[in-house]
Amino acid sequence: MTLDWESRENTDFVYRRYNVIVEGPAIKPEDDKDVKKNMPPKEPFRELALAVIHGDSDRAREATKTALASTPPLDVIEKGLSKGMDAVSALYAKGAYFLPDVMLSADAMMVGMNMADAKLGKAREKKGTVVSFVAEGDPHDIGKNLVVMFLRSNGYEVVDLGRDVPNADVVSAVKKAKPVMLTGTALMTTTMTNFHHVSDMLKKEGISLPIFGCGGGAVKRDFVESYDMGVYGVKAFHATKLADAAVAGKTWKDMRKEYPKIVGEFVGEYADRL
Amino acid sequence: MGIFRYTKLAYREPDEMLFGHAKFPVSAHWGLQFGAGYVVPEVKVAPEAGSERSKEVMVKECESIAEQAAGRAVDIGLPAFLLEQEHVYQQTHFPDWGGACTRAQADVLERFHNEYGIKCGLRQTVGDTRLEERGGLRGTDYDNEIAESIEQCAKNGASDIAAETMGGKSVLDYGSMRGDIRAILFGIGVLGSIDMEYFWKRAVRICSHYNCNPAGDTNCSGANSVMYIAGGLLGKDFSHTGAALARAISAARSLVAVECGATGPLKDCGYENTIVKAICGVPIAQEGKNAVCAHADVMGNLTCQVADVWSNESVFHREEMGGPTPGVWLQATGYEAALMNTAIQTGNAKILRDLYTLTDKYRDPQGTLLAYDNAFRVAGAIVEYGKDPYLRARAAALECSKVITEAYDAKKLMLTRFELDSLNKYTSVLEGLPMESERFIDECMKEYPKRIPTFDPKSYGL
Amino acid sequence: MNPRERVLSVLNNETPDKVPVTCFTQVGIVEAMEKLDCAWPEAHSDPTKMVKLGTSLNKLAGLESARIPFCLTVEAEAIGCRVEMGRIDRQPSVRQAAFQSAGEVNIPSDFVEKGRIPAVLEATRMLKKNFPELPAIVGITGPFTLSGHLIEIERLVKLMRLKPMEVEDLLDKVTDACTAYAQEIVKAGADVIVVNDPSAAPELIDPLSFKSTIKPRLKFFTQGIKAKKVLHICGGATPIISDMADCGFEAISVEDKVDIAKAKELMKGGARSMFVAGRMTTTQARIVKIAGNVSTAKTLFTGKPEEVRDEAKKALQAGTDLLAPACGIAPRSPLANIKALVEARG
Amino acid sequence: MGIFRYTKLAYREPDEMLFGHAKFPVSAHWGLQFGAGYVVPEVKVAPEAGSERSKEVMVKECESIAEQAAGRAVDIGLPAFLLEQEHVYQQTHFPDWGGACTRAQADVLERFHNEYGIKCGLRQTVGDTRLEERGGLRGTDYDNEIAESIEQCAKNGASDIAAETMGGKSVLDYGSMRGDIRAILFGIGVLGSIDMEYFWKRAVRICSHYNCNPAGDTNCSGANSVMYIAGGLLGKDFSHTGAALARAISAARSLVAVECGATGPLKDCGYENTIVKAICGVPIAQEGKNAVCAHADVMGNLTCQVADVWSNESVFHREEMGGPTPGVWLQATGYEAALMNTAIQTGNAKILRDLYTLTDKYRDPQGTLLAYDNAFRVAGAIVEYGKDPYLRARAAALECSKVITEAYDAKKLMLTRFELDSLNKYTSVLEGLPMESERFIDECMKEYPKRIPTFDPKSYGL
Amino acid sequence: MTLDWESRENTDFVYRRYNVIVEGPAIKPEDDKDVKKNMPPKEPFRELALAVIHGDSDRAREATKTALASTPPLDVIEKGLSKGMDAVSALYAKGAYFLPDVMLSADAMMVGMNMADAKLGKAREKKGTVVSFVAEGDPHDIGKNLVVMFLRSNGYEVVDLGRDVPNADVVSAVKKAKPVMLTGTALMTTTMTNFHHVSDMLKKEGISLPIFGCGGGAVKRDFVESYDMGVYGVKAFHATKLADAAVAGKTWKDMRKEYPKIVGEFVGEYADRL
């Protein structure tokens, strides 16, 4: 064009995109300020993280391949892919990402992680094992699936029992896997009561106490804290922080008290614990 | 008690004058400024027929006008706009109507301002309901109601108050229908100026108590009536050169509001505003190619040249295929203002200004007069005799005559015989007029009171 | 006015003599099943029991509703999903999706003759015949939720980003099926069709996808149905309220997460102006009726009758047009609470 | 029988494109030219409701529209103008009505041309009265009437014939209601193009027997419908990025009329005309800020950029305070054209063009697409696949997506999430479509006929 | 100015001054062919007519004085002054004369007429009486003033009620003056509604129907024809033809139908009535 516009115009006097003003601009995820400050600045890590953030499995495959040529597999996971997943958590938390985005990112993450694991040869040492289930009679498993996905992409071994899981099965799985933590999900008032039973059964078995996090639609903190071992989990990605805490030796009582500190953010449901 | 009179121009040379830029910008609430480096679009819509049947209906009507205008502004991304409501009789006659309508519109604008951050302003133009033949212009119930209506509007959220007062109208009408230039000069230049002083001293005082600017006053009843009668190129009820003279005279009169303390933006239909701006540097509103709904002027582009607010003219409140008229016409003025603002922001404003001006400069003698360089000359003539309303009006007309004659001689402006003859005739009449205000008034007072039954000298302290 | 007239008058945008107390979501509770011999799981497939249970809360508590069926698996089953039928206090649920990918989905044109659909249609006819004074309300599964049943909700959700065209095609097919099924129901004599589309809630998909992908289907659906229509979407539906209202339903039904007064406010806002056939018109976004929203999870299920009354009063104050439970009534909810709900209208 | 297909652009670079200048100017009777170095203002007014009650009344109505427009043109000194009459149903349905109305208007224009030397033109836009669901688009009575009406108009003094045909509309409507970009591409890009070929081969043949130009055809029924549904900035019934894609697609379709022999000026409401002009260099009419009577588009200035004719949009035939609408709206477009002509004559046209463009280039993604430099890129994508109507339409859409994405990435154009997400979604759909026309059509033919009851494949030879 | 215009512009593409293009040389009014054939050939009538045509009040005063010395006052008016005014109307109608010309001629006519009337002694019989007003709340009276002027100089007695006239005053004036016609003028959408009220009030009074012509800016024919007795007046000088028609017994219904015929020219607003 004959006129050089961009350098001179203060477009604010010519037009204003009110839709953008009231809805907020669509910014690229990597431009989000919370993401920006935690992004790995250097390659190949940046590209790995970006592939995850964009939920692009193909890109993740390429990036991992390239990275593995020069970088230790563990670094690929921890300094690259995982950082991407952290960004996704942040975006999900602030409402910029939605379920589909998170699931695609998880897929991309898994693609990379599996490649890295394969390269590693021997099984990568997991941070620990977690058992996850949806309460008996409850078909709502999306929340649980998210939890599993976050845990896996953060280096945990997860035994996923699925949905509508009889209480007895939960107990025997725990006996077998010896997890650092057990996650239960229930979305219905009529199914959440199963948590109570599971707690009692575990106690009865005298099993060394695993930690017990639960969340979901109808379930509220009061209810979860009404039985032993219960910790009310709020967001699916909190599960990883809770598991880390469990590995670090925190008990379910500590977790109830220190939830916001452990997950590292303000949590409405635990407002009284800040 | 005298008032301040301009004896100097606000600008050193015509080229300093530019749309969107006034020497003395004005701020209004809701984040709006005038003449501060950008052009503000304006819209005004006449309340629907029948909406005057009750206060409630009128308030609703005004509210919906505001709502429709603001909605469109946001929909097409206008950064700012000014809504004007020209009072119908009842809004001035019953000051509480004026107040309530203002409040309703102010509330709408405030809501949009808060929600979208859009800059907006609300102008209330009171009606001049005074009639010379009904008790005169001063101190009657009509007169007092106007003052009260101004107060109600100012109090209820108007960002400025304007008017189109009618002082001198009786004599002007007589003159314009007979082609009597002396009557026109007396009506607009002398009587108009006297009444303006009366009217605007008071209006400025009232506004000063509120967060509301006294804007100014156009010579709609004078120079616009004449322009109207003159009509299109083929119209001949009044010569277009004569209309140009009336316009030049009106500048000397409209200036008075500013001398009384009005701040601008001067009202859009004052085609004389370019001249006034040259003198006092206040922001001005103008109308032209987006006022086709109401006027068939012959300078649709030219009037953009130094406008700070760009307006339509009162239009029926009804539906177009493109939506309700408040939105439609705001869109029209909004896009023109956007073009001007782009030019400002890209550093091409002076080019665009000149394109506007040149498009109409020689389409008609009225355009020749008002082209900003010529308007500047007329402004100079006015301030030379700035202290004397009569002499400065006369000087304005004579300079206008010179401007047109020169353009004609240079073969830039073509004139018909009718236009040239009447210009010459009027010029010789003007040249023959006395150089003393008092003598001129005496002469006129000998003639017109007996000829014009509606003329009421005491309305002017005469 | 009898209950039918009362409910329909609201949906017809007329003024009822008093606000109806009704239910557009599932109404089966254990207490009633036992009292009237119409227990789950049989009531899911036996037309006579279905009618009995569907009208039970009217009979026992005066609720102004005859509502069938009691789950969201009828269509999925007819199209080929494996469904587990649950028990007296647990609704059926889909155990296995019918298809592995969106492209595979193939809905036989005679699916309305399969599974429990004939039972639902028969029950509808019986309702019409035997309970003329009650509004015959029949629920169906919304296109997005049904699509989720057919290929797995998570797969569906991911596809929305990866292969949007496949989702579009799938939704079109499923919408056609929903329409065909609903038309049968209307033919059988239903007064009101309730579309339940829980998976379209903001908890699962972002509001913009609702607007751009689901709303057009719902709009298309409503154009083909000649009965009164109600849309129920669960969860925190506030961000999609004005779009829900704009789909062509006479009413929308919302959960207790939604503040009814705010929902009404939101419906008023929205697009101020738009073009219609080359004409710019100022549109008030469509204002439709709202049904709801006494909490089923808390109040109706575990609360005391006084709490039910209080919450119902709040809903009335907030401007609910049809006083109703926030969603499907929990099967173990006490009958006393339903009575309290009806009485709350006062 | 194949038709000529464009595989090259008419201009070497975007900067060559300018308002008032077309590579291939067109002449019409009464001294008018298009694209010959000046911009011609246009006006069109819809006959009053009820005037269709008899042929006599309709003829009078059309005559008075012509009279009022021409009168105002002279009154404000317009050098030239184009009058367009968009047919009401009866003018096409009864070809003798069309002929008589044309004759009456032609007589008025001829009279003014003779008396004042004003240049004028008369465009008759026939209505597309065909309905797919009523016997299809070809060979029905409806279809034959259109041909006859064209002939009657051509014979009775029309200087050009235009249309806004509706081929593909059934599928397009389905697609726009559901945000289904594939259906939009099929409806506009494939079906629309097929029908255009059928329609315009015939129209061109008829016109060739008379002193009448076949002008062209806009995608009013397609891309404009989508643009309307998309609405203002806050409208969300269809994303504005999606509307831009539909617009890009429509360029590949509207081009077909020219390929069949249409000469321009292409009709005003084809916002895609900038793209078409880049390809074939014919003069174009455009509308924008003076079409507020009918449209709330978001690019009122931008569309001036390369217009050869500047138009309003159909407006009610009624009185404004400023006179009857034919005069009012011709005055509006006339003044804008005058500004452009001043810029041309003073050598500032490119600056003004860029001001127009920049005012709206980033107001909305639709403006981004149509800014002449970007439009030029899309035109390039079209001619690259010029031989294949489907592939070129797809290429247009993909280039459009690129243009918008780049502007967004460069942070010049702001987008909402809705706009960006839908753009991404549509783009991925488009990218996934087959590269063979036949396969695409097969796929579509498997889906749409059963879904869309009004879709009649045999109307397109499918 | 920044731009150098004169040297480059071909103004022909920007504007054309059609008035300059079409105007021929100025001819004397009495040489106009339509005037010529109706001019009284003999003195003193010719001089009387000429004084009126030239709008020269002084000349009219002189001519009338001279004429009255030898001629009956009625002839002075009818064979002299009126003929001049007829010529003026003709010139106005064809666009050769304009408002100022007409006003000045009217002034001259009135000077002579008053003198003749005075000489006559008793009141000369008028063609009829017309009442004229501007609607309540409306200050726009230029149009009305024109109407009054035309009527007066055409031999009508006019009761001019002025502007901003309360509806009740209009009705009582009508009751008192018993006019052949009532003319109302309104220029604003919000004041024109008064016509409707006046119509209703007159009907209620059961007054024999006078004719009711109205015109002005915002007022449109549709509106005027929406109430009884309303006839939409287009040009001020049409008022005299309408009054003549009223005197000749035409009703308001006739006038609506025959407007163009009555005023003797094409009228755009009545295009469908041609």
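Going by the order they are written in, the chains are A, B, C, D and E; count residues from 1 in each one.
Keep this in mind: a residue touches a chain if its C-beta (ideal position, glycine included) is under 8 Å from a C-beta of that chain, and two chains touch if they have at least 3 such contacts.
Please read all numbers here as calculations on a predicted model, not as lab measurements.
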**Asked** Shared touching chains for chain A and chain E?
**Response** B, D
**Prompt:** If you take the mean of the Cα atoms for each chain, which one ends up farthest from chain E?
**Reply:** A
**Message:** What's the farthest chain from chain D if centres are computed as the mean of the Cα atoms?
**Reply:** A
**Item:** Nearest-to-centre chain - CA centroid comparison
**Value:** D
**Complete:** Whole-angstrom distance, CA centroid of chain A to CA centroid of chain D, is 53
**Request:** For chain C and chain E, let me know how many angstrom lie between their CA-based centres, rounded off.
**Result:** 73
**Euclidean distance of C-alpha centroids - chain B vs chain C, Å** = 62
**Whole-Å separation of chain centres (CA-atom averages), chain B against chain D** = 40
**Asked** Can you list the chain E residues in contact with two or more other chains?
**Response** 3, 5, 9, 11, 14-15, 17-18, 22, 218
**Request:** Two or more other chains in contact with one residue: find those residues in chain C.
**Result:** 162, 209, 272-273, 278-280
**Request:** Provide the list of chain B residues touching at least two other chains, using ranges where the numbers run on.
**Result:** 46, 72, 74-75, 77, 233-235, 316, 320-323, 327, 338, 341-342, 346, 348, 351, 354-355, 358-360, 363-364
**Asked** What part of chain E is in contact with chain B in the complex they form?
**Response** 1-3, 5-6, 9, 11, 14-15, 17-20, 22-23, 25-26, 95, 98-100, 103-104, 107, 136-139, 141-142, 145-146, 162-164, 188-193, 218, 223
**Asked** Once bound in the complex, which stretches of chain D touch chain E?
**Response** 37-38, 57, 60-61, 63-64, 67-68, 74-79, 115-118, 318-319, 321, 324, 338, 341-342, 344-348
**Message:** For a test of understanding, state which residues of chain A touch chain D in their complex under the given definition.
**Reply:** 1-3, 5-6, 9, 11, 14-15, 17-20, 22-26
**Complex contact set, residues of chain A against chain C** = 55, 98-101, 103-104, 107, 137, 139, 142, 145, 164, 188-190, 217-218
**Message:** For a test of understanding, state which residues of chain B touch chain E in their complex under the given definition.
**Reply:** 14-15, 46-53, 88-90, 93, 127-129, 131, 133-134, 166, 173, 177-179, 225, 229, 233-238, 316-317, 350-351, 353-355, 357-364, 373, 412, 414-419, 454
